[in-house]
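Written below as structure tokens is the structure these notes are about.
Letters A, B and C name the chains as they come in the text, with residue numbers starting at 1 for each one.
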Amino acid sequence: MKQISFKLDTFEGPLDLLLHLIQKNKVSLYDIPISEITEQYMEYLEQMNFFDIEISSEFLVIAANLLYIKSKTLLPKHDEEQEEEDPRLELAQRLILYKRFKKAAAYLSEREAIASHTFYKPREYIEPILIDESLSFVTLDHLHDAIADVAERLSFRRPLSAKKFREMAGRESVSVFSKVKAVLSKLKILKKIKFLDIFKNMKSRDEVVASFLAVLELIKVNRIAVEDNNGVVEISYLNKKRGRKDLEHKKN
Amino acid sequence: MNIKRIESVIEAVLFASGDAISIDKLSEIVEVDKATLQSVVKRLTDKYDYEQRGIKIIQVGDKYQMATRGEYAKYVQKIVQPRKRNPLSKATIEVLAIVAYKQPVTRSTIENIRGVNSDNSVNRLLELGLIEEKGKLDAPGRPALFGTTDEFLRSFAVSSLSELPSIDEFVIEEPIDTESEGSQQIIDL
Amino acid sequence: MNIKRIESVIEAVLFASGDAISIDKLSEIVEVDKATLQSVVKRLTDKYDYEQRGIKIIQVGDKYQMATRGEYAKYVQKIVQPRKRNPLSKATIEVLAIVAYKQPVTRSTIENIRGVNSDNSVNRLLELGLIEEKGKLDAPGRPALFGTTDEFLRSFAVSSLSELPSIDEFVIEEPIDTESEGSQQIIDL
């Protein structure tokens, strides 16, 4: 057998290498001279090894496969009667299939070259059709109803008489001061509470109003901080020192 | 290169470019002199026009461009999603009603009557041409006075404002500051 | 609407769109039934081809698109930036061919055919939009099944997968033409 020298081409994989060897030896895929091809295949792997090229496991798997086929062909046949399958069959089938796809790939490359001669254009600017529903379903009656609503709301907002106002606002059944103390003492213990929890178990509207005003007052004097934690409003206690520190930071 | 082929090359180049191309540039690309180019473009343009083709060639100054024939715009528009203007919101209808019944009004009067800032609604109505500026109020800042337009009358199919359904007169007390005075007192603890 | 007008409308719409438009959408836009639409598109396509016009209509799966005729690429290239894409590597085209012919196909089938891990190529093709996941194989691990996209058809000037030559047409030529009967047996895989 003549020595085959490689330029150590890189192959797409072990099957690619095998196809290369078969072509180089001008032998038939349907009748692979298994010992020659195996020898050359192993020689290639050795060279890869020599040049310190990492041999992927796939190359080794095929190498083992080749050696196995080779051993099978060398073994004497036990029974001449029994027709045994050619041990090369499976490998040959794989190589043929792979070669078909290589040809299909070459065909696609040609198509790609042809396609690259075709050009497209970008889309034109197209003014979209305007479907204006602004005034659909709006009638004069709607306008009339709207103005009537406005008039009605305004009538509620007429100025209160001074006497009536004193009756409503003058009397403070729950003092804001008491609620300031309540909120602070709660915070001193818990550090942080949900805003809505302040109003838990309250019995009267006056109490709710006083508590709310207390919270506003505490925010104003920088004793508490309010933060929105994903939609849950929380209130936390700012002790005086920290409050002052924050202010200084802001100044700087 | 024969005329037919020059014609095809021009067609391909104008198509792919999308933009307008100057006569000089086109003559350079197609590799024919300007006079020939212009006569072939003319031929192609006439052919498109005569056959009422979907595309046409327009001349913009010393440039040529391929475009769709205006006649088919109705179909072309269907390629893109139509833009939709949603029905007026309740708030905007309210503002329109206030302008219609109380005109001429300023933005701040509208705001006072409704108790909330109404600029978005006012702007939308201006954009739709249902209201317009009718002058300035003789007051500090000279705020604009708004009133309804003819488009408003057309849209509601009335011939004049006197046809608006009548309402009981109501007084607009502005500004309404009673509550703010009261609250002020409470907040200042 | 007469045929000539339908033809012009299709021309205008395909021109304006630039992109490929599905037969369904086009039939909706042009307001003709699908059968009529398809026959008119065919007529228009043939006319362009027969006259060797600068533009042509290509079919990409169930879509139509207007494009320049390849013959005039030399001129068009002078004004249009060529589509920038590094050429596909040999390995990647091989993988693409396997996906095109064996679709829907899993990574491991591809690997089996090529005898080598092909993940890089598969990923590159996915990235380029030439192949896409078409579902999962009903097997342990539920591996992804890949198939080609419309972009594949466009990039390789294939109007539909059925237009690809059958894989058996890629004959494996033999160095020796006098093959034994035994080999025949092997060919019939």
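Following the convention adopted for this analysis, a contact is a pair of C-beta atoms (placed from the backbone, for glycine too) under 8 Å apart; a residue touches a chain by one contact, two chains touch by 3 or more.
All figures in this text were calculated on a predicted structure; none of them were measured in a lab.
S.K.: Which chain's mean C-alpha position is nearest the mean C-alpha position of the whole protein set?
M.R.: Answer by centroid distance: A.
S.K.: Relative to chain C, which chain has the most distant C-alpha mean position?
M.R.: B
S.K.: Need the CA-centroid distance for the pair chain B / chain C, whole Å please.
M.R.: Roughly 42 Å separates the two chain centres.
S.K.: In whole angstrom, how far does the Cα centroid of chain A sit from the Cα centroid of chain B?
M.R.: 39
S.K.: With chain centres defined as C-alpha means, what is the inter-centre distance between chain A and chain C in Å?
M.R.: Going by mean C-alpha positions, chain A sits 29 Å from chain C.
S.K.: So which bits of chain B are touching at least two other chains?
M.R.: 12, 15-18, 68, 76, 78-79
S.K.: Going by the touch rule set out above, which residues of chain A reach two or more other chains?
M.R.: Those would be 119-124, 126.
S.K.: Going by the contact rule at the top, pick out the chain C residues touching chain A in the complex.
M.R.: 15-19, 58, 65-71, 73, 76, 80, 82-83, 88, 90-91, 93-94, 96-98, 100-101, 113-117, 154-158, 165, 167-168, 170, 172, 174-176, 179-180, 182-183, 186-187, 189
S.K.: State the interface residues of chain A toward chain B in the complex, per the touch definition above.
M.R.: Interface residues on the chain A side: 119-124, 126-144, 146-151, 153-155, 157-160, 165, 169, 176-177, 213, 216-217.
S.K.: Which bits of chain C are touching chain B when the two form their complex?
M.R.: Residue positions touching the partner: 4-5, 7-18, 21, 28-31, 51-55, 66, 68-69, 72, 75-76, 78-80.
S.K.: Any idea which chain A residues touch chain C in the complex?
M.R.: Its residues touching chain C are 12-16, 26-31, 56, 58, 62, 86, 89, 92-94, 96-105, 107-109, 111-112, 114-124, 126.
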